[in-house]
Amino acid sequence: MSDIAIELKGIDKSFGLVHANRDINLRVRKGTIHGIIGENGAGKSTLMSILYGFYQADRGDILVDGAKTDISGPSIAIDKGIGMVHQHFMLVENFTVLENIMLGAEEGQILTSGIARARNELKRLENEYALEVDPDAIIEELPVGLQQRVEILKALYRGAEILILDEPTGVLTPAEADHLFRILAQLKAQGKTIILITHKLREIMAITDEVSVMRRGEMVATRTTADTSVEELAELMVGRRVLLSVEKGPANPGEVKLSVRNLTVRDSRGVPMVKDVSLDVRAGEIVGVAGVAGNGQSELLQAIAGIRRAETGNVTLNGRPIDVTGEADPNELRHRGLAHVPEDRHHMGLVLKFEEAENSILGYHDDPRYLKSFFLDVEAIRADAAEKCARYDIRPPDVRLKTANFSGGNQQKIVLAREMERDPDVIIIGQPTRGVDVGAIEFIHKRIIEMRDAGKAILLVSVELDEIRSLSDRVLVMFDGHVVGERSPETGEGELGLLMAGVTDQEAAE
Amino acid sequence: MEFLDTLIVLLQSTIRVSVPLILAALAGLYSERSGVFDIGLEGKMLGGAFAAGAVAAITGSAWLGVLAAIVVAVALALVHGFASITQRGNQIVSGVAINFIAAGATVILGQAWFHQGGRTPPLSGGARFTTIDLPFAAELADVPVVGAIYTNLLSGHYTLTYIAFALVPFTWWVLFRTRFGLRLRAVGENPGAVDTAGISVIWLRYRAVICCGILTGIAGAYLSLAMTAGFVKGMTAGKGFIALAALIFAKWKPVSVMYACLLFGFLDALSIRMQGHRLPLIGEVPVQFMQALPYVLTVVLLAGFIGRAIPPKAGGTPYVKER
Amino acid sequence: MSAPHAKLPGWVDYGVIPLVNLVVAFLVAGLVVLLVGESPIRAAALLIEGAFGYGEGIGFTLYYATNFIFTGLAVAIAFHCGLFNIGGEGQAYVAGLGVAIPCLWLDASMPWYVVFVVVIFGSALMGGLWALIPGYLQAKRGSHVVITTIMFNFIASSLMVYLLIDVLKPRGSMSPETRTFAEGGHLPKLDWLFGPLGIDVGGSPLNLSFLLALVVSFIVWVIVWRTRFGYQIRTMGFSPSAARYAGMKEARIVIITMVMSGALAGMMAINPIMGEQHRMQLDFVGGAGFVGIAVALMGRSHPVGIIPAAILFGMLYQGGAEISFEMPQISRDMIVIIQGLVILFAGAMEHMFRPTIARLFTSLGGGRKPQPATATE
């Protein structure tokens, strides 16, 4: 018997061209809570999915209880006593709690006897771990916190000794999160091993025994939680990046162009994502919104752009209100001087199967410049697109090439050219350089600064902290749907990182 | 008593025409509950009917005919499965294709083998099913009301009829009381939950599709071996689609499926019965109106005017592991 | 799973792969021919001879193709919007009213060209109306257009049987059809067009609606690729979220596209009613609505692909009729099988051979290196 529950040796995994995990080594000691922290896209979930057998590693070994194990599927992981609570719950929503718990562990072809046994076992688990839940309740009628409890019970029912939780507090209220941590502590006291994936430093500090930090697919450090500090972890997580040098003079803020007051937005599942957010953007300034992905930034942009209906709140553009809680029309907003570079250029900003020229008019297809009555003026559209290609150095400069065949950077330039060449008053930009090559990043940053200097009001959302810091004139940090603080871009990364990780304003400033 | 007799005759023919609907709709239920939409019920049924007619004609055994029907319908179901589960193709397109292949192949092969213009030879004796009388049917015939119901309505059907009706509670039991059923329902709602529970989504869906094949095969055999004596070109005549409508109308629930099929069967029987009759106040109801009614009702249901038909959540989409 | 996503040149994607799919479909059909004891090669020779070997055959081939161009375009325009209209059959059937009623009304008083114009609008209107309801239900109530259009096919069939038997049938007649139209309800044949080419299509029913089909194909191309609305249709079809981002009215686009699709299917009714039979008969659509699905899939939803695909199916219909004289084992139903196989291989399993072809192509040294940084993650 070793006291190492899980050991990963040299795990390597690529998805196509994306190198998600590079030569990862990790040891998780038995009976501990081991945190894995890292920014979004650092490869945490992929690594845990490999441990759970959901994906297979390209290289590397997994040792469970000191024995090399080939986990070729979740059923093997379950056999080895590994359970996982996924970020997006793997529950059948119109099933009862009991049915969900039994699924895959029915014990026999006919359910009747299994049901009775499951009911008893569930009762026992409930008592042992204080995890009450009505076994006959329908999942979709339960609050998220209870749904998560069902996921945990599911793993325990299968006899899990090692429990992986992937961003478990993402969907929970603070009270629910606290309750979850009590449950985890209880499980640990019973001898279970817990791996907790999160991007929130506070959680790591509050509950883990050891913590491993991942950055861009690599495991950069493992620390004993008691011997480390929030500052050290934040730095490890974000890394000392070479600050991209962007030449920019001082801002000359003018009047308020975009004003947001008490905006609340729910996502498609009805979970509130933006909570009572207020902000102003003035002409000639860039307001950066920093934050870990999933803290409401996407919904904020979408609500302002009229794509997602807000629940409450007021937004004005150039002093005139936008009907964000009703029928705000993205088309009309464009006419009123709002340009939108969406976060997700593959699904929103571009139609990848269109020719470049066709994408260069998306959203502006009503512009008389591109039309001859009902017909598209193809000549004019292509000439206009060619001109933009030249001005934005879009390569190859072939306006009839399918957009999917352009590189990420050039795709983004297509969007930028379309949105910026319109002389808008306000530009909202999401993740301007996600998946963009270094050469294009510099170009895109320069353009954004130029637009600022031309007097545009710019709201910039990015999960890249250095991008926010080098472009913005003011930095807002979003966490859990709230704007939790405003800082100047000169503020240190550590302090911003703490805010992003949910440490309160005052604590972070200290 | 005349009214009762008329009613019994009407209900008797309702049962007769409902049987293939029930079998086909239950078949669709297995497939669609697992997340594989199937508009190819019609084609599988037709292929089954032909195989049954052909094999029964050659071997002289109705049961071998049923077996052949099952084999052929399962083969067609596996084509649909291969296209929509393994190849992750469009399930609607695949279903349409199956319908055409079956419609064409049954006629071509029938003509080539039997030279009767796409028919199979007329069946007689052990090559087709005969009705069976329940115990004491003759003795009870004269008991008022009860006797009429027992002898004329409940007794005197084909074995396959009793099988079809027995399959309704059986399917309910499979779906809600067995491990297979639990997993089947789960995979149609959230294949991710099934996959992470360590169960193969693909194999599970293939099994559902095979169940669908077996039942459509029996439905086809009923048409050519029980309802009529031999296969006739295009003899399903849209029954596969009525069954599909019934399945939707019943919101993918086994017992409701039986009621929906009986309702649609009743409308069919009634339309034949009412031909030429005038109703008070309304006058003569065109038979075509009665024939269209199941489809109209289904559309009205789909439009959300009477309840809501919500299909299995993962239906129609091939399973791809989330990234 | 990297192979299916490997980048291939356009001519492989749009030329070689569809061709391979088609060839496989025909090979399987050849197996069926073998199975019934005939020679597939001789059948193919008879087919081509029957369809293109003499003037009348060509005329019949193009006559059938006319139907399939219309129904193929109908399915295709809906595909561009991400909709699957299986209801072409019913839409064309109901649109028969839009042809027959103007003909019955005007045939004695007006020349054919006046009636023709009325009939074009009439058929489009009726077909469009029959598609409007499924379109509306999809856009506003979320009922799936596939299921509703199937249901509407059956409802159309009942409706038309009723109308033909109880309303439109002349008194005293036994057959469920309208009376035969007078001169004004006859479309001119196309012998004047093909005569100078040395092709005598005299005995065939090929008529002016073939030219209408070609004109409509061009118009569909213009609508889809050259108008603002077509731009919106394609945006919707490729990416509904991009359409939302661009501020397009999704429900409106779905409804109008379905109406257009129904109108196209509806115009098919002109060909058999005013062009051939000069009366409306029971079941005059004869499955053309479903052939449209195969034609659209094969033609990759582009008029330039749809016209040859329609002619191919016209050839199968005409040549198939010829084969059945020579080979009693093989009736016209062979075409239905081929239709099914084409839908299966060119539609549901369209990517089956792609990995193999991609590998073959790369090993021949023609593969382009996939470009970096376009990953969607």
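By letter and in written order, the chains are A, B and C; residue numbering begins at 1 in each of them.
FYI, a contact is a pair of C-beta atoms (placed from the backbone, for glycine too) under 8 Å apart; a residue touches a chain by one contact, two chains touch by 3 or more.
Computed from a prediction, not measured in an experiment: that's the story for all the values here.
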| item | value |
| --- | --- |
| Chain located farthest away, centre of chain B as origin (C-alpha) | A |
| Chains linked by the largest number of contacting C-beta pairs | B-C |
| Distance from chain C to chain B - Cα centre to Cα centre, in angstrom | 30 |
| Centre-of-Cα separation between chain C and chain A, whole angstrom | 46 |
| Whole-Å gap separating chain A and chain B, where each centre is the average of the chain's CA atoms | 47 |
| Numbers and ranges of chain A residues touching at least 2 other chains | 15 |
| Overlap residues in chain C, where contacts from two or more other chains coincide | 377 |
| Per-residue overlap in chain B, given as positions that touch at least 2 other chains | 323 |
| Complex interface listing, chain B residues touching chain C | 39, 79, 82-84, 87-94, 96-105, 107-109, 111-113, 118, 238, 241, 244-245, 248, 286, 288-289, 291-292, 295-296, 298-299, 302-304, 311, 323 |
| List of chain C residues in touch with chain A within their complex | 2, 5, 7, 222, 226-232, 234-235, 238-239, 241-242, 244-248, 370-377 |
| Touching residues (chain side chain A, partner chain B) in the complex | 15, 52-55, 73-78, 84, 86, 88, 90-95, 99-100, 102-106, 108-112, 114 |
| Contact set on chain A toward chain C in their complex | 15-18, 41, 305-307, 329-334, 340, 342, 344, 346-354, 358, 361-363, 365-366, 371, 374-376, 378, 404-409, 411, 435-437 |
| Residues of chain C defined as touching chain B within the complex | 32, 35-37, 84, 86, 133, 137, 141-144, 146-148, 150-152, 154-155, 158-159, 161-162, 166, 290, 293, 297, 328-331, 333-341, 343-344, 347-352, 377 |
